[in-house]
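Everything below concerns the one structure shown next.
Chain IDs A, B and C follow the sequence of writing; residue 1 opens each chain.
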Amino acid sequence: MSAWFPQNISTYGADLDRLFVVVYYIVGAWFVAAEVLLLYLGLRYRRREGRRAAYVRGESWAQLAWVLVPAVVVLGLDLAMDSMSAPVWSRIKEQRPASGILIRGTAKQFTWAFAYSGPDGKFDTGDDRDIENELHVPAGENILIDFRSKDVIHSFFVPTLRLKQDIVPGRTTRIWFNATTPGRYEISCAELCGFGHYTMRGFLVVHDQAEYEKWRAETWSAGKAAS
Amino acid sequence: MTMYAATDGAVPHVAGSEPSSRWARCIFSTDHKVIGKQYLGIGVFMAVLGGLGAYVIRWQLAWPQTAVPGFGWVPAPLMYEGVVPPEFYAALVTLHGTIMLFFAAMPILLGAFGNFALPLMVGAPNMAFPRLSRLSVWTLAVASLILLSSFLVPGGPASAGWTSYPPLSADPLWTGVSWGIDLWLLAVALEFVSFLMSGVNFLVTAINMRAPGLTMMRLPLFVWMLLTAAVLFMLSVGPLVAGAVMLLLDRNAGTAFFDPARGGDPLLWQHLFWFFGHPEVYVILLPGFGIILEVLPVFSRKHVFGYRAIVWSTIAAGALSFVVWAHHMFVSGIDARLAVPFSITTILISVPFAVMLFSMLATLWGGSIELKTPMLFALGTIASFLVGGVTGVFLGSAAIDIFLHDTYFVIAHFHYTLFPAVILGGLSGLYYWWPKMTGRMLSERLGRLHFVATFLSFNAVFIPLFLVGMGGHHRRIYNPYQYEFLKPMQGIHELVTWAAIVLVASQALLLINVVWSLFAGGRASDNPWQANTLEWATTSPPPYGNFATPPTVYRDPYEYSVPGQEADWLPQTAPEPAGVP
Amino acid sequence: MRTVASPARGAGPAGANAALGALILLGAEAMYFAGLVSAFIVLRAGVSEWPPPDQPRLPVGVTALSTVVLLLSGYTMARARRAIREGRVDAFARGLAATAALAATFLAMQGVEWARLLREGLRLASGPYGGLFLAVVGSHALHVAVGLAAVLITWIGAYRGRFAADRHGAVTALQLYWSFVVGVWVPIYLLVYLW
């Protein structure tokens, strides 16, 4: 079943996937039990000559126990699942790594633009570079992105990172991730942003250390102007 | 205006003014039964349109940029010789949702079955405000026409999703749509007005006009569901109307409610929308459940299990529905600390629904079940809704929702809650009440076939969508195959589209059945199902004024297979336990 | 004992229907204003300088006066209803006339102040200030105007003898509506004008 998930290249992705699997088995058990019971009851109690239906109102506590006890068990499992979910949410959305590579992202109809601060490590200096639709990061390092939108609400979605965040115009939204595996992964927009919504495709390019140095050298070599 | 003028036990003169000519009756009738049938007509017509929209969407997803069979006649710029462009695709996605929720589901469950059954079930001759009823169906008709007119205006119909988030929806610059969204807002606002009027009628009729002996705890559960739905709607719709006024002003008066560049806040819309949006889905769901809760006891000849538990669960679910709304907004940019409280409230809502579902199962236990068409659809509703219910647990976890939000997993989830409630539940109600509404019987054989085809094809459409959602397939995408990671899913999309075509085509079985029934079907007796509730204590169809003699109620609606009784049913109106007609 | 609708309006089942129906619709109306008020709170709370530097201040003093006028109209409407409940048709008609006059005065005072604000540069487009004023205070004024029309129609009906002690369900509904329109103004005034 988890074969349906995309590859996971995110340090927090495994937590999210594991949570999904736990919920799957818990609700799956209830689901199967309920469907089997429904099927069984529908067949076992079919109308038969000479057999009359029972008369059970389900008003006494003894009878209601059959419904209320399972409901309480459901409640308990619900709260357990919520308590497992909270730390995963917190790790992805509330905590921020103390340090990392900061990139600026801009979402607009219908492209993703990324601004890199360059060798001086500072933004709004002459060595900044803007690259459309390509997010270049080194593997194994914390990446922080300050995202803004130029027009409508977009949503930065990288399935392999298990990361999604709506980018609302008028505010800067900070996200973070740490990609474990070099490769080229697709970015999509997950909030309807106009008729070109389906074309808002970008790439997360995760480099190993050597490749990353090479990319930096190429990008900031003399003659390569900011785009 | 009275229906019964005499109270001395003599045959009363049924007064009141129904127009005599058929055409005048069509337009001016204030009889709740006529009005209910008109709501059914509007709802089914719009559902067909919504279904055709889904067909085009499904075709495009399976075979992008090919001509959709049967749609070559749609003129540019909506479609180009049967090929749907991205703009119209976004409009179809928008209108499919809008039409199905506001112009099909609510008219069918609340407008049609609510208006038809409620006065009968409480023993009243009509709704409390008959002229308000008439006004409400006119209003819905006008609203529907306004929505449909948006296909014809420059810029085309609304295309910002049924959720219409600003800034996308606030400025024609972002969508290319100008009139279309204004007309959409107007149509939806009028639909709200129509159902506000209905809601008033439901509540006042049930509270003030019950037959003698019919206490609140002897009301059929369908009535309880309608009342809860009415209260939810009345209390939740206001904030969205406020939001709609603000969006109209932003669009047409240059105000800045949702424009962050001038001090507005796009998230304000989302809060107002979903504060309404979540109770709204229960407005739709609960009457669907109510129909099931009427059908299960009748066709298992067994008292419903846990009447009071179900009533309290309904009220609890309704109350909780007002405090879960931000689970639609986990990744929207709200303060991350809000995720935990809203996850908790969301998970709590599963408890009253668990009680209701377990009670439905307990009703079946020990029953004497006859698998007639209404019962098949009722059981199918439960079986399908279980999928919707359990998949909601994934989405209620904020962490898991980070991945699943705005993917096909969400689409599959809500189709597994709404379709069972509206279509399977609605069909259960249709097959159940058809004899009462028309005085004719539907064919059992065609009905069973209709059930099997609908149930199987529905599942074939939506189960695969969970899987592609888990693969990261995002929503409202005109051409998924722009993305490498979605290319492998085209095969699934093709299968789903074939299943969807079968689903739509299967509804022809209902059409055939309906036509056959009206022209050649057997005459229905007063009570072909031998059911206890008050609508079966009068003729099929009931006369104007509903009851020749005003009914008196002696017991709750579910006294089936009472020990010591020879018959396995005991109507609410039978005076003594021993005397059964 | 019958509980179906009877021809008698006012006291009795039909009157009870009208009152209950009005209360339910007013619940929905209250939520509409709650939506507007929460929008006001959200957008106002995000701004430190209110009114914004280039926008005119709202007329707190004059509106305090018009608030009193509106509150008085609530009183006259309540008295009118009590009058018809006791069968005193003349007092009923007088109460309606007084209510209509006070309501019209409220609207006129509001209108004059709005015209002045527009002359002084109240704008819809520069920020939420003008738009919120229009949406919240404008919605309320619309409700007063509709109520005024209903009061006038009822007044005419009073002269035609349509209402009696046992036949005034519409009046009950109207008075509930009027109390709502008056009552909802108080938090609006406090928030929009005084915050």
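The rule is short, and it goes like this: a contact is a pair of C-beta atoms (placed from the backbone, for glycine too) under 8 Å apart; a residue touches a chain by one contact, two chains touch by 3 or more.
Here the structure is a predicted model, which means the values were calculated and not measured.
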Contact clusters after notional removal of subunit B: A | C
item	value
A-B or B-C - the one linked by more C-beta pairs in contact	A-B
Most remote chain, CA-based centroid, reference being subunit C	A
Inter-chain centre distance, subunit A versus subunit C - centres from mean C-alpha coordinates, in Å	48
Euclidean distance of C-alpha centroids - subunit B vs subunit C, Å	34
Between subunit B and subunit A, distance of the C-alpha-averaged centres to the nearest whole Å	31
Interface hub residues of subunit C, defined as touching at least two other chains	none
Subunit B: positions in contact with at least two other chains	264-265
Numbers and ranges of subunit A residues touching at least 2 other chains	none
Interface residues, subunit B side, partner subunit C - complex	1-4, 7, 124-126, 128-129, 196, 199-200, 203-204, 207-212, 234-243, 245-246, 249-250, 253-257, 262-265, 268, 271-272, 275, 550
Contacting residues of subunit A [partner subunit B, same complex]	4-6, 15-16, 19-20, 23-24, 26-28, 30-31, 34-35, 37-38, 41-42, 45-48, 51-59, 63-64, 66-68, 70-71, 74-75, 78-79, 81-82, 85-86, 88-90, 92-94, 109, 151-153, 155, 157, 159-160, 162-171, 173, 186, 188-199, 201
Parts of subunit C lying in touch with subunit B, wherever the complex brings them together	1-7, 13, 16-17, 20-21, 24-25, 27-36, 38-39, 42-43, 46-47, 52, 124-128, 130-132, 134-135, 139
Subunit B residues touching subunit A - in the complex, by the definition given at the top	85-87, 89-90, 93, 159-161, 165-168, 174-176, 260-261, 264-267, 300-309, 331-333, 336-337, 339-340, 343-344, 347-348, 350-351, 354-355, 357-359, 361-371, 379, 382-383, 386-387, 390-391, 393-394, 397-400, 402-403, 405-407, 467-468, 470-472, 474-480, 482-485, 560-563, 568
